[in-house]
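Next, two complexes with chain A in common: one pairs it with chain B, the other with chain C.
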Partner chain A sequence: MTDLPGYPSRRSFLKATAAGAALSGLALPASAQQTPKPVSLDDYQREYLNADEWAFIMAATARLIPSEGDGPGALEARVPVFIDRQLASDYGTADDWYMEGPHDASAEPARGWQTPLNPAEVYRQAIPAFNAWCQETHGAAFAELSPEQQDASLTSLQNGDVALAGEVREFWGLLLSNTKEGYFADPQYGGNHGMQSWVYIGFPGARAAYREWPERHNVKYPLGPVSISGERA
Partner chain B sequence: MARQEKKKDVVIVGLGWTGSIAGIELAQEGLDIVALERGHDQDTVPNFEYPQQIDELKYGVRLKMMQKPSQQTVTVRRNDGETALPYRSLGSFLPGNGVGGAGTHWNGLNWRPQEVELKLRSHVRDNWGEQIIPEGMNLRDYPVSYDELEPFFTQFEKVAGISGYAGNLNGEIREGGNPFEGWRSEDFPMPPLPTTYDSAKFQEAAKAMGYHPFPASAGIASTAYVNPYGMQMGPCNFCGFCERYGCYQYSKSSPQTAILGALKRMPNFEYRTGSEVLRVELAEDGKTATGVTYWDEAAQEEVFQPADIVILSSYQLNNVHLMLLSGLGEAYNPLTGEGTLGKNYAYQMNGGVSMFFKDAEFNPFVGHGANGMVIDDFSISQNDFGAEGFIGGSYWRAGTFNGQPIRNMPLPKGTPSWGAGWKEGIGEWYGHAMSIGSHGSHMSYANNHLDLDPTYTDRHGRPLMRMTFNWQDNDLKMNQFMKSKMEPLAASMNPDIMQAGFKNIGAQYDVRPYQTTHNTGGHIMAENAREGAVNRYSQTFKAHNVFAMGAGNFVQNTQYNPTGLVGGLAYHTVHAIRTQYLSNPRPLV
Partner chain C sequence: MKTFLRIIGGLAVLGVIALLAFIFVPVQISKPAQELAADWQPEPGQGEYVMHASDCVACHTAEGGEPLAGGRAIASPMGTIWSTNITPDAETGIGEWSYDEFRAAMVDGIAKGGTHLYPAMPYENYRLMKEEDIRALYDYLMAEVEPVKNEVQETQLKFPFNLRFGIRAWNWLALTHDAGFNPVGTSDLQDRGQYLVEGPGHCAACHSPRTPFMSQDGVTADEDSFLAGGVIDGWNAPALRGEDSAPQQWSVEQLAAYLATGRNAHSTANGEMGLVVEHSLQYLTDEDNLAMAAFLKGMDGAEVEAPETFAAKGVGAIEIAGADDAGEATASMLTEANPDMPLGARLYSDNCIGCHFASGKGAAEIFPELQDNHMVTGSETKPLISVILNGAEVPGTAKRPMTLRMQGYADRMSDEEVAELASWLRKAWGNDAGQVSAAEVAAVRNADASH
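Up next is the complex of A and B:
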C-alpha cells in the first residue's frame, strides 16, 4: 500500500476518525460521529417478516456472508434488518412494477419477472416451502441445520435442485441480491452497520468529491467512508 | 368530455433533451409554447442535492429516477412466434422519468456518428457490393449527410458543454485526437478531463500496439463554462455518480444544466408535469394534427390541448407507441415490408474485457460516466466488412465510472457468488480491477420491430407496445471480432487475471441484466413515406405539423452512444421549422 505524503496511513486513519474529519473538508456536525448502538437483532421489532421467516433470514444471510474471516458478516452488518424493511417498503409490494395479468410464471428466466407475486409475497411463500424441503432432505428446518447442512441446502437452492413452484422461482436470486444490497447500501436502510462493509473493501461511501484524485495514479485513496447522514467510519 | 385548454402555437410532448431544444429555439421565435411532461418536475436544486443523491440503493438499484413500469412499459418477445410478455421490472434498458428525461440520468458520453455511418448502405455498396448485406438486414442511408449536420452537431455540443480534443479540425488530423472522426468546424467547447490510472494504462498499451488513443468526448465539464443560452457549468469532481443519477454540482450536461433554466425564464413558455399524453388528435382530413389529449394526473381527467404544431420528444419507445396509438402512420409488417411505424428497431452490441491487477490501485469510485481513453481503430470506417464477414464496428474505452459496490464488484471467474469465498474475493479484488469496453453498432432487421400488443394494456386501457427483438448473427460476429482483437491488447497489459465478456453466436436476448438504454428506430427518417415515418426534418409524412424527434429517427444504430446524433438532428429539425416551416406550413419534402 502506498501512503500519500502528509496523509496518515489508512490503518492509522481508521483509528483516528477526528483526523479524517479535518482532512475530509466536509463540514459535518461533531454529533454525527457517534453511531448510536442499535437494538440487538433478537430484540429488533420486525416490520414485515414473521418469527419463522426472521429465523430463516438470520440463518441464511449468516451463511451467504459469514462472520468468520476478514470483514463483517451479514449479521454484523445487520442485513436481516435491511431485508425486513425493504420487504415492508414499496419495493416489497412492487409498487413500481407492471403486475397486470395474464402471468406466465413458467416462462423461461430470460423473459424476466413473470410471477404474479411481489417480492414480499415471494419470501412469504418460498420460505416455508424451502424449510419443508430442508426438513425432508436434512431432517430439520433451515435455521436448525448445521452450517455445513445449511451451505449444502443453499447450494441446492442456487442450483435449482429444490423443487419450488414457478411463482417463487426468483426466490434464490432475490435472497442473494437483497443480502448484498443490505451489506453495501447506505446505513440509513438498516444494513451496512457502521459502514463496516465499506471500510472492509475501501469504498468511501458518500464522500463523492475527488477533484484532486484522477491523476494520482496507483495511489490508494486514504480516507474512510462517510454515510449520507454524516456518520464516519 | 375532455377539458379543453387554451390553444397554443406549439405543444411539446416530453421535456428531455429534444423537447428542451425545441422549446427554447421555438420560444425565440416568439411562439406561445406548452410542454407536457408525464413525470415529475426535477432540478439540480433541490432534487439532485448532495448528499441525498449519493444513494446507490435508491437510484442505482431501485431506479427511482426511471420510468415506472406500473405507469408505462412494453411487452417483449424474441421472434414473431413467441408470445410477448410484459417488461414488468426494469432490467435491460432504463427509460427516464420526469423533467430532463434520460438526459438527466445518462453517463454523458457524447459522440458524433462517423461520416460513413450516415451513408452506410452506400458505403457498403461502393466498397464491397450489396451482396454482402445479410438477408433480413434493412441497411439504410440516412436522408441527411454528415456535412449537412455538422453545424448542428457543433451547436449541440456548445449548448450541452462537451469536453474533448478535436482529432479532425476542418480536415486537419491532430495528434492526440481521434483521427477517424468526422471533421469538426471548431474544437470542443472545453478541453479534455484529466486521465485516471486505468485509462493511462490502456492508452499506453494501445499506443504500443500502434493504435490511436484519444480522450473520450464527454458531456462532463472540465472547466467553468457558460453556454450560448447563458447557462453555467462547473468542473467535475469525479464523484462517481453519473449514470442513474442527477448531477449534484452542475458538471454533467443535461437539459437542466444546459437549457431549462434559461427556457423557464421565457414568458411565452410554460410546462406542465404529471401530464401524460394519450394520443395526438388528427384533423378530419387526417393530414394535420389539431393538438394532443393528455391525462392530467392532479385533476384525474383527460385534457385536450389544441396546438398548431406538435413536437413528439418523449423517449424513443414512447414516441413510437404514441404514433402507433394515434395513427401517425401504418404499423410495419415484417412479412410484407409495408408500413413504417415500428420499423428498424435497433439496439447496441457491447462487450468487454475485465483485468485484475493485485498490486494496482484504481480507486474505481474516482470517475465519471464519460471518463477515459478511447480507440476508434476498429470503428465502422476502419473495418473491412467484406473480409471480416460482418457490417459494423465499435469504439473501445477504458475509464473508471463508478465504484458503487452493490452493482460494480467485478470478481475473477470462479469466485463463489456467496459465502466465505465471496467475502474473501471482494476484500481481495475491490479497487484492483479495470476493464476495457467495446461499444458496438447494431444494424436494423426485418425481425426486430415494434407494434401494439394484443393482450396487455396500460392504466389508461391503451395497448402496451410490443417489442420483437433478438440478437442477430451479423452483430454477434462483429462482437466476436472485437473479442479477438481486444484480448491481445489486454494481455499486453500483463494483468494477473483477465476475462472476456462478449456475446457468442446464438446468444438470445435476456431482458434481465442491464445492457444499454440506447433503443433506436421505429419512426425512422426516409426519403419518402413508403420507407419511413418522418422525413429528413423529423416531420411526419402523415401530418406535416407533427415532428417526431429523437433516436426513433435512426435508420440503424451507430456504434456510438446516441445523444450527439439526437442533439444534432434536433437542432437540424428546429432550424428547418424556424427557417422553412413557420412562414409556410407544409410538407418540407
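Up next is the complex of A and C:
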C-alpha cells in the first residue's frame, strides 16, 4: 500500500501525534503504564531463527499485517519475536503432539498434521525452498522483493502454486496462523507489544469482570486492557 | 554506724533468703474448683470433645508430625517456644504425670517437677475450665491417645527469659482470677457459650489486649477489656465487642456459621482464625457454636435471639449484594470504568473486581466483603499486604467441605502497586484507615521470601 501524495498516511499521523504528546509534556494518566522500551527488532537476540529466516519472517509478517493499515502492523506488535520464541519452545519442537506416522502428504487437510517434521523444522526447510522459488520467479529472495512482488509471492504460496515438498505443505498455514497469534496473544509471549492489537480492536484483556456491562447497550466500554502479567494500557 | 551496718547486713541476708525461697520453695498449686465424686467417670467422648474445644492440636502438633506429640515452634516476643509432647509416652510425653500434676499444668502453669510453663500455654484461660472437663481431658489423653515417643527440642530463650522461676512473679500479675467457671447467668445457652469462650476456647489469648507485662488484659467476661481486640505477630485479632465489632454487626446465625465453617455472608476466616476453625471449632456441636455466638452477641447487653440451626445444607445460587449507601460512590466509580480513575481503583479493576465486585461486598460464603472488613482496615497492615501478595486459604469443614483459595499477586504487582491498591482499599466504600507504604509491602515480601 503506497501513500497518495498530499494525503496524510497513518504513519505520518502517528509520528505527528507522538511529537505533539512529547512537546505538550502531559503526564500519562495514572492508569496507564510506561512499557519499558524493548530492544529494537534489528538488535533482537534470536532464540531459534537464523539470519536469513529472520529476514524472511520480518518481511513476510510485515506483508500479512502491514504497518500502513488501520491499526498497528506485525512489526509494531513484534510478531517476529513471538514466532522466534515459539519455535524455540515446546511448540516448535511439538513436545506434546502425537508425531508417530503414518504421514500422508496427500491426505485432505482435515486429516491433520501429515509430516514427521515439527513446526520448527517446517520453517527451517520451507523458508529456503520458498526463497529459491522467489529467486527463480522474481529474481531475488523474498525479503529483497518489492512489496508488490512479496504480496504476489505470498498469494502464490497460499494458492499452492509454489511447489514445496509434501513434508512442508503446512508452511503457509503455520505462517499465517502464527502471525495472527503473535499479533493477538498475551504480551508475555513476545508479541502484541504494549497490547497494541487489543487497544486497536477494543479488547479489554484479562480483566474478566464486566458484570454491569452486558445490559448497557450502545455504551462504549472505556477502560483499556490489562495483560495476564498485569500490564496496563 | 555499727547498728546501721548490722541492719544493712540483716536486710541483705533476708533478701538472699527471700530470693532462694522465691526460686526453690514449691509454688502452692490450686485445689480443684469443684470436688468430683470418687466414682465419677467422664461421658464417652467427653475428653476428646474437650480436647477439640481447647484446640490442643494447634500447638502440640508439629507440621507433619504425629498429633499431640509436640515439637511445634511457637514464635513469641521472647524467642521460639517449642511445644511439648502430650501423648502418654512415659519418657518423652506425659505418661508419668498424675492427675493432680496435669491439673496444675492446666490451671497454674506448673509442670510435673515444679517447673513453670511459659505462658504460651494459655493456663490463664484453661484455669477457668470445669474440673470435670480437665479430668475428662486427662483420662482421654492417658487412655485413648497412643503414646508417641518424640523427644522435642528444648525451649531455650535468651536471658532473662530462660530463668523460668521468674514466671512465678509474672503469675502474681496474671493469675489474679480464681480457678473455675463463674457464669453470668443470662441464659443457659449464653452461659455455655461464655464457658467455651472464656475457658477451653481461650479466645482471650488473641482477642484481648495485653498488659505491659504481656499478660492478658481481660480474661473473664466481667472485665471491660475482655475480647476488646489484640495484636498477635503483626495480625489484628479484631475486637469481639463494641458497636463496630463482628458480633454486633452480624446475626447470631452468621456468627455461628463463621465459627463452624470459617465462612458466612460477610467474611471468611484465614490466618490463625482459619486454623482455629480447621482444628477446633468445626468439631464442636451446632449447639455449642450457637452458644458461643449467642454469648458474644449478648456480651455488651444486646438482646439475643438464637436460631435453632445454621449453615443449612444445599445453599442455592450465590447471592451478590449491591452497594449500600456508604459504598455507592466507590461502586459507581468502578462501574463507570473511566480510564482516569486513581491507580488503586484501576488495580482493583484489573485484579480484584472479578470476585469482590464493584460493591466490595464479595459473595456469601465464598468471597469476603472488603467494606468494613477488619483485616482491610486494621491497625496492622501486614495481614492485608500478605493476602494480596500470597493469597489466602479457608479450610474445608464437614459442613462446608470446599477449600476456598485466593491466588497471590506477588508476581503481578510491584511493591508500589500493592501499596497503592492497599491504600485505596482502606478508603474505599466508606472504609477509613491510613495509607500503606511501598516499604511496608517490601518488608512483608522479603520476610516471606526468607522463610
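Note that in this section the second predicted complex is superposed on the first by the 201 of 233 C-alpha atoms of A that agree within 3 Å, B and C clash if a C-alpha of one lies under 4 Å from a C-alpha of the other, contacts with A are read in each partner's own complex, and residues count from 1 in each chain.
The rule is short, and it goes like this: contacts are C-beta pairs under 8 Å (C-beta built on N, C-alpha and C of every residue); 3 or more make two chains touch, one makes a residue touch a chain.
All figures in this text were calculated on a predicted structure; none of them were measured in a lab.
A.B. asks: Using the superposition on chain A described above, determine whether A:112 touches chain B (first), chain C (second), both, or neither.
C.D. replies: first
A.B. asks: Using the superposition described at the top, determine whether chain B or chain C touches more residues of chain A.
C.D. replies: Counting contacted residues of chain A, the larger count belongs to B.
A.B. asks: For A:221 in the superposed arrangement: first (chain B), second (chain C), both or neither?
C.D. replies: both
A.B. asks: Between chain B and chain C, whom does A:232 touch in the aligned arrangement: first, second, both, or neither?
C.D. replies: Once the two structures are laid over each other on A, A:232 reaches chain C alone.
A.B. asks: Is A:100 touching anything from chain B or chain C once the two structures are fitted on A? First, second, both or neither.
C.D. replies: A:100 contacts chain B only, not chain C.
A.B. asks: Tell me which partner A:209 touches in the superposition: chain B (first), chain C (second), both or neither.
C.D. replies: both
A.B. asks: Hey, what residues of chain A end up touching chain B and chain C alike?
C.D. replies: Of chain A, residues 207-209, 211, 221, 226, 230 contact chain B in one complex and chain C in the other.
A.B. asks: Looking at the complex, which residues from chain C come into contact with chain A?
C.D. replies: Residue list for chain C touching chain A: 335-343, 346, 349-351, 353-354, 357-358, 409, 411-413, 417.
A.B. asks: Which residues of chain A touch chain C in their complex?
C.D. replies: Residue list for chain A touching chain C: 29-32, 207-209, 211-212, 221-224, 226, 229-230, 232.
A.B. asks: Residues of chain B touching chain A in their complex?
C.D. replies: The contact residues of chain B facing chain A are 50-52, 54-57, 61-63, 68-70, 73, 76, 83, 85-89, 91, 193-197, 200, 235, 237-241, 248, 360-361, 363, 365-367, 371, 403-406, 417-420, 422-424, 426-427, 430-431, 455-457, 508-512.
A.B. asks: Any idea which chain A residues touch chain B in the complex?
C.D. replies: 2, 63-66, 68-71, 73, 91, 94-100, 102, 104, 107, 109-114, 151, 154, 158, 176, 179-181, 184-186, 189, 197-198, 200-211, 213-215, 217-221, 226, 228, 230
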